[in-house]
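Alright, structures below, take your time with them.
Below, subunit A partners subunit B and then partners subunit C, in two separate complexes.
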Partner chain A sequence: MKKTKISFSGVLLPLAFGALVLIIWQTELLHKIIGTNTFTLPLPTTIIRIIGENLDSISANAFDTIEVALIGLVLGSIIGYLISILAAIFPKWGSGGLKVIALLSAIPIIALAPVITNLTKDFSTIAPERSMFAKIVLVTLLSAVSMSVGVYRGLTDLKPFSEDLLQTYAATKFDIFIKLRLPNSVSYIFTALRVSIPTAIISTLIAEYFAEYITGVGRQIRENIITSQYSTAWAYITVACAIGIIAYMFLVLAERLYKKKKHKI
Partner chain B sequence: MLKKITAMIVAMGLVMSVSACGNTQVQTPTTPASDAAPAVATPTDTKSILEKYAGAGTIGNWGLGNEYELYALLAKYNLPLDFLSQDFTMDGFDDNSIGLASAMTYNELGLVKNSYDGGYNYGDTVAYIDMNDEGVAMLEDNLFTTKTFAEANPETVKAFVYASMKGWKYASENPAEAAEIVYNNGSSVSKEHQLYMAEEVAKLVDLSVPVGTMNDTAMQQTLDIAKQYVKLDDSAAATKLAALTLDDIRSQAYWTDIANAATFTPEKTDVSVQLKWLPQAQFMGYFVAKDKGFYDEVGLNVTIVSGGGDISETTAVSNGTVDFGVTWVSNLITSNAAGMELLEVAQVYQKSGLVLVYKK
Partner chain C sequence: MKLKKILFSSTFITIVWIVLLCSIWELEALHIEQIKRTPEKVFPHLMQIFESIADPKIISNDQTSIELVLTNAYATLERAGIGFLIGALSGFILALLMKFSGIIEKIAFPYLMLIQMIPILGMAPIVFAITQDIGVSRIVISGVLTFYPVAANTLAGLKSVSAENENLFRSYSANVFQTYTKLYIPTSIPFLFTGLKISAPLAITASILVDTLQGGVGLGCLLSQSLKGGMSPFVFWQIIFLSAAIGILSLQVMVIAEKIIMSHKVRWNREKNKNLI
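Here is the complex of A and B:
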């Protein structure tokens, strides 16, 4: 068995690069390189101070953002998975239909967000509720697209002759689906999530711009930039980055656990 | 079946894109077209109206630094400081998701009551609450630059202010002609709305005092309201805001009464000014000054830069992208609190243009 070692290129190098960026940022060398000032790009210490001063309001906004992104991601992934199963069952028009669905992801989020906000106004008379619903619909839609397109390949792109082999065993279509197609699609779920997790977070942030009820990390970034509060805006940008990185870390962890389990079998 | 679903999804996409295009064009015929002015709410009304819509949670405002007058008004009547985010159309007011909507007298209020293209044709079935009547008015459109630019180019600033105010006086006296000039300069709205806007903006300019005058009482009220209702998360900025005085944000030294003839020797002759929003009669004075050659007379070559993006005019002026900007006094206050060194050099609007409109 191979033991996991802290590799130079995999861990130390990125860490060292990160530390270097922080150092030239804090010492204002970075500001000289890209020609800006500490007003537009505040120092890391300022950003950390503001996060520390506003832990309550920042975590409340972050919670609202994570809630929408997570619910939308889960719903969208389930719907997307079901769509890809349907497409795999009816392959004749399945791949064509998926291409049409994939077109949806070509519509810019920034155009889709206000439209969905307007279309979902009848959902509830309570603004926070319909506002959250509108945001979740957007995230769900986009997550469903990337999941359905990604998993469809997993359901259809089988190992050579594996399907023929099962057929020689007189396996039914249902058996082939359960024993071959579904297991084969699992690793494609992770691939799809690598795309849809960042998309879910970004679309939540943008949906917050246009939401009727004012809350969330995205909305705070916009409010603070427009009112020239760049330091505070950067505090929220940092929080948005942290949400994205942590979500991605969870995904990588889950993927590793799955692979370990798979290899044991 | 799946085909149907696919078709539905495609159809949904089409509907979405169509409604996206039609956002500002929604027409709801209610009453026949009417130019009757909406009634202003009387003070006894104001309380009950505010309570009604605050209770329903349907008071709307754009946020993004436009909400302080609303906060002051709500606080005056002991109501919670909450509002819904209003987009830049009046669709929310039209579909009743917003009952008491923020509107500028010269823009959204006109769209609500008038019947021309893009209007909602509510005529005199709507009424409004005026911030000036309620004593919570904040000063809005002004002309500003940075302290550094003003100190380095005092004659340029004086010349630009002089010619701009001349443009504003002419425009306010001749709103129809000004509207035409703005329209020909790449207007963002229809000709009829432009004319309406010019007439309403002229009322805010107040020709009974010299154009560009800074009224210290009104400006102090603006600063006081800002200090009370602007909430800044950065403690350094909050401390600075609390300590701001009028002298930190404005200087009368660059303003000359246009009643007196004046000549200037500008240090920098090519200057630019960024508007707070898209080209429209809200900024007619600058377009008129350019069109009538007032800038040429003082030896300036002026470029008018459209606003409306998320890179605000305060940032653009602060980082030197443009030399001058048009903004609200409250934006100037928050920007300087955050560390910018902006300086107001002329106050164009003498009154607040913000009202809260509701259906009678």
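Here is the complex of A and C:
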């Protein structure tokens, strides 16, 4: 009885708040509060209508963005994981190297994007191809950084005495690595992904701003605002948010499945 | 023995890594130099960039290139700083409110999660369109980006207070104000800094990105101008290096601030314990 009550207020209250915001928005009260007009901040119904009307081009652009973000994320995560394994094998040099990598992650994405675009110009003579390659390189780099720093902690922050225990069993370093460090790092992968999934999407959007070839959700937001087509830009913003939310939901689902499986064992 | 100690100290290792990175850079620059007609545009030598910083040639409005970059950096940093402060403060207050009232937590928590998943940086152009003022939109975006990590981490900190401590305060019949100022807030400070460390570079990235949307002053404006050409290509590289340095420095400032505040806290506790004895 009590449990249903909790979930009732936990779901209903935020929903009511969301509905309230939508109502304020739809009735143009929001426009009065922040001092804007329906031209720059179109009504929710208008945005939905525009998404429906431009479904073809929107889904093509969304596909380009998702493709770049996904390839970059997967490549970067694998590379980052390998780096962290190397760092865990040579902890003295590895932790120093990761410190430098973590410092590099504080570099603004905006500073990186144009450099990589310039560097990868020779990759292909076809503009869409080399532009996509540049975007993927950027996303890969950033995902690799957050994965390597996150997983390194998983490989080295072991439960107290677990390493000593295995040593008393006369386990070799390799055994400790396979049976203790690797399993211990799995839950850290999810933690790292929590950071790198939003980063991958954001960096894809920003890389699109600076890319040579005009495609993708991020670029469309910008292009439509430059040409003052605010309602179309809002349609793309809605899509960008939806991509972010859906990606995150997939992650939460995967994490829950993993925990359930682990619990069973 | 002493030599060995120096060779394996963490500072030495960090320096070796930095030297390694620089040599990779130089190798790539050498490679680019051979295959490109204008290598300084694509990938110059580190030395060339440093030389250009010292270059006294005036390029616009009585300013040398580095003066120009620095004036713009100041404008960017100022707005990022204001946004960062506003965002951090409101994030902290929201976390306190969420701890204080279950209803507020229930309403706000799902939206806090949502903010994290929405690519806010992608929304920079639209915030600019609504506010119509580049300065305000810079502050808004920096603030929003700071808000989430600070609020989420502080809330985690407030929740990490153990039941024993809560019970102790209750048995002392401490009022709400005392419980917050003496128990909840001090416990949440390390968590607050985790949030601040994540958001400081983000706030600067946001400020630079919003700059690129319109002319005026700011690193981002200068960046888009130099990308279009018409300026010495080294202005571009100075911007890249300076923004990287600012990003890294902003993180370091938070680390130092944390150390100062935390050491105060430790010392304060120690003195108090001494008095008790």
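Assume the second predicted complex is superposed on the first by the 253 of 265 C-alpha atoms of A that agree within 3 Å, B and C clash if a C-alpha of one lies under 4 Å from a C-alpha of the other, contacts with A are read in each partner's own complex, and residues count from 1 in each chain.
Note that a residue touches a chain if its C-beta (ideal position, glycine included) is under 8 Å from a C-beta of that chain, and two chains touch if they have at least 3 such contacts.
Please read these numbers as outputs of a predicted model, since none were measured by experiment.
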Partner chain(s) touched by A:244 [first = subunit B, second = subunit C, both, neither]: second
Touched partner set for A:214, first subunit B, second subunit C, both or neither: first
Touching partner for A:97 - first (subunit B), second (subunit C), both, neither: both
Touching partner for A:114 - first (subunit B), second (subunit C), both, neither: both
Partner chain in contact with A:206 - subunit B first, subunit C second, else both or neither: second
First (subunit B), second (subunit C), both or neither touched by A:222: both
Partner chain in contact with A:57 - subunit B first, subunit C second, else both or neither: first
Contacts of A:13 with subunit B and subunit C, given as first, second, both or neither: second
Partner chain in contact with A:88 - subunit B first, subunit C second, else both or neither: neither
On subunit A, the residue positions that both subunit B and subunit C contact, one per complex: 40, 93, 97, 100, 103-104, 107, 111, 114-115, 118-119, 121, 210, 222, 225, 230
Contact footprint of subunit C on subunit A as seen in their complex: 9-10, 13-14, 17-18, 34, 36, 40-41, 92-93, 95-97, 99-100, 103-111, 114-115, 118-119, 121-122, 198, 201-202, 205-206, 209-210, 217-218, 221-222, 225, 230, 233-234, 237, 240-241, 243-245, 247-248
Residues of subunit B that touch subunit A when the two form their complex: 2-3, 5-6, 9-10, 13, 16-17, 19-20, 23, 57-58, 63-65, 83-85, 87, 91-92, 95, 97, 230, 232-237, 310, 312, 314-315, 318-319, 331, 334-335, 338-340
Complex contacts: residues of subunit A adjacent to subunit B: 37, 39-40, 46, 49-50, 53-54, 57, 83, 86-87, 90, 93-94, 97, 100-101, 103-104, 107, 111-112, 114-119, 121, 126-127, 210-214, 219, 222-232, 235
Interface residues, subunit C side, partner subunit A - complex: 8, 10, 13-14, 16-18, 21, 32, 35, 41-43, 103, 106-107, 109-111, 114, 116-123, 125-126, 128-130, 201, 204-205, 208-209, 212, 220, 223, 227, 236, 239-240, 243-244, 246-248, 250-251
